[in-house]
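A, B, C and D label the chains in the order they appear, each numbered from 1.
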């Protein structure tokens, strides 16, 4: 029944994020990154952000490289065979960010618990590892080794995560915010854990169509605060069923990110000096490039 | 090794394949683990189910991929979900039979480091971290580690225990509360190793054809348990070599 | 009541509708709650989102239904999920503004019984039980109770507290750890009641046109708080009556 | 890649259930009940079963009416406007079954925790209610009031549920067990919580088709043990998109269930004296009845 139009521009969406906020981005290595969201956060020069993510993606690597991040809570990550998350690794090595390093499932459980409004949730991995030891040594540990009062099994109680904002790139959404994610959905619980959800959709579908695609809707409008329309907004990462990753650009990114200076030049060239994401898309090859990345309708890449 | 009609990648894939039983649920990564699983599917284990941790179940990839996040790895998947739907309701539920893992370093107790390496007394390099590795090492019934046989990678103890094996002397998994079975095999380019479940220590099981025992001892940073006779690793069969070269990895990108 | 141009069902629907604000997330049951919500959508709250606990979000039903499990109630829904996707990641996450509930019995503190009723000192009848009722009563920001005004249903204390209101004297919700706001309104066929948040006791807010105060006192099993002047409940507008009769419930099945 | 054919008959599937087993059935009041499964459990006269269900359905009401159930763990329920769960209510009133009565969400959380292999999971409803008081008074309570070690909030720790078997009726499945559920999925977590999952599918789809319907697959084959093909197997309850509930038969059922004798006659007539589910379908009206219940492709009922 509802027909609220929640569509805003990416700059309006990012403008609501205060310095110091806790954000979750949708990226997972080189897939479905919230690149358009990350670029705009850099353009608006947000400060002292906390970022959380199951597995690191290029979107957060960009933010760390741009110096926006104070703390990063994640479960490890890379850019797959393109290379490591060079900015994140460098920032950890130089202690320029605070890092909370978990496993993939423990991050997912922290988000899932947060999405359910639970203050804590148990898990039975992490036990016996140095990941756990490091987390227990923190000033305010967000993990606690305990035992189940029923089975007496050992378990780790995890403090759940509720980011202030989630920026989630998806294939399709209607203007109310009903969001379709095709393919794996590593970020669904992080989205639902957040207090405010910003959906960045490659394609906006008419709300009349939503009931016919209902089985693909993963995040309901009633949890979504803002919808942004940004075609190719996950570039240079892939969007399953829509477009492939940009091999050339990812290769260029990793080469640039090897040094701080190279990263700074990359950010100047592709983010700071482009006033908006459309200008970025032009700079990386425009229409011809995007046509070349178009997914095969059967293979989905 | 030139006298053999197979590469070390091929014997590793065949050795990995042999560890898999029909109908098992296997968490695989890209590269050799995936090749080993597909080889098993094409030979003795047609009903093996492959699970990719980020939420992809039972895909049938046909093109070489840049990693688990490459949609080439998701082709013709039969279920999409999230970490919760793979590492949660399959792995943590106790339904993963085998998890394949790699690492920067493995120690004599099968503990894995994928997080960091010291470069000097007060500096270190940071690497990929856990991903689902810690969860898989903690909870799968069996772990198979595939890696290069190199002294720097096979040390008495890891610099950082990202994903526990048997933890320390005497197999401490039960004591710390881990429910999974721990590492069962380490497959390198020189040998296949297992573990003495009581002490939790690594044990040499077989040596690849053409590799000398001394070569293994020299390239292992701790004392390997071993029997008085160490057999030779089974060479890949003609059928396996045909499948690997013509069907599974025709462009030779992985092996 | 014959002098009025509306039925008690209609004034209850209008009173329920009035409590809902545009853009709110509302958990509804079948019958009057649903009618009230649709009336609000058709008047001042077009962006109200209806949530059915078993996993149906924002449907647009067009046919009368036999209950929440009737697919007539799911027509043109925009999201399907499970209890976890509705009562979990919306309600327990603190994102449900209003929950509508009914009950066998409500007491002076707004506690609801939908579980059992004694038939003698050692026997009882068992009814529907909680369903999502306890969860909604515990966790929604506001609860609206819609029920028949009957002394047997409005007792000083419930026989079984299925879904807590303010629990006991002095509003004990915070003490027991409940995060939701508790009951805000009780809408009956005679009156609209609210609660004194300090004592947690039920308070008469307005009397429906044509109903006498004595009638309410006589049909309430405990002493209602009330101001010196109790206003009359707002009668449904012509627009509301038109919508209820011609658009929302043309066959008169619910009201 | 897998091609394991897990198809068995409903009698083979039920034959693996030992007396005393803990079962979860897919029913929710009058929707998508595991009727065919319940009938066969009655025909094979299983004893001392424990049943668990988020919200009670006709399927468990049948089992309770047939005297198969020792303990029922649920979150309340009815047959919607057709009437109460008369057999369940009567058994509770006469104390012929042991009952653990929760709320809908706390049951869902117990199943979800079980599906994740967690021994316990917190919730913040139930507090302050007589549901909680009754559960705490049990000889071996499966709930415990505690507080979050991080936030100090009060919470109820729930022992999770892992039924031995789940019998889940679905719209479609392939022969490996990839199961499609359309519409709401109140039973998805109960299914995944179970040790063995039996999928009863109204329609079997070729496995080659599964990748094209992947976004609708809710239970992956790797968790499924047995697949049963039973058209109209949810009758007289509805199967979203396939067929409507049978108003006449549900009315007859509720009328029969008002007395123990009536229920016994119903069970004789429709279950015990019909040797299989096909004979039951013939008895309730056969082909003409089923055609009359066929769902409108747009309305889905």
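Keep this in mind: a residue touches a chain if its C-beta (ideal position, glycine included) is under 8 Å from a C-beta of that chain, and two chains touch if they have at least 3 such contacts.
All values derive from a computational prediction rather than experimental measurement.
J.: Where centres are the averaged C-alpha coordinates, which chain has the largest centre distance to chain C?
T.: For chain C, the chain whose C-alpha mean is farthest off is B.
J.: Using CA atom averages as chain centres, what separation in Å is found between chain B and chain C?
T.: A distance of 58 Å separates the two centres.
J.: Calculate how many whole Å lie between the centre of chain A and the centre of chain D, each centre taken as the average of the chain's C-alpha atoms.
T.: About 37 Å separates the centre of chain A from that of chain D.
J.: Taking each chain's centre as the mean position of its Cα atoms, how many Å separate chain A from chain C?
T.: Distance between chain centres: 40 Å.
J.: Scan chain C for residues touching two or more other chains and write them down.
T.: 80-81, 84, 88, 92, 139, 179
J.: Could you list the positions in chain D whose residues touch two or more of the other chains?
T.: 109, 116-118, 123-124, 153, 155, 182, 215
J.: Which of line, ring, star, complete or other matches the graph of chains that touch?
T.: other
J.: Which chain pairs here would you call touching?
T.: A-B, A-C, A-D, B-D, C-D
J.: Within their complex, state which residues of chain A touch chain C.
T.: Going through chain A, the ones touching chain C are 1-4, 115-118, 174, 176, 178, 192, 207, 210-211, 214-215, 217, 220-223.
J.: Would you mind writing out the residues of chain A in touch with chain D in their complex?
T.: It comes out as residues 109, 116-124, 142, 144, 146, 148-151, 153, 155, 157, 159, 182, 215-216.
J.: What part of chain B is in contact with chain A in the complex they form?
T.: Interface residues on chain B, with respect to chain A: 30, 52-56, 63, 66-72, 74-75, 80-84, 87-88, 91-92, 114-115, 123-135, 137-139, 160-164, 167, 172-173, 176-179.
J.: Would you tell me which residues of chain C are touching chain A in their complex?
T.: 23, 25, 38, 41, 46-51, 57-58, 60, 76-81, 84-85, 88-90, 92-95, 139, 179
J.: Which residues, counting only chain A, touch chain B once they are in their complex?
T.: On the chain A side, the touching residues are 28-31, 54-56, 74-78, 80-82, 84, 88-89, 92-93, 101-109, 112, 123-131, 153-155, 182-189, 238, 240, 244-245, 247, 295, 299-301.
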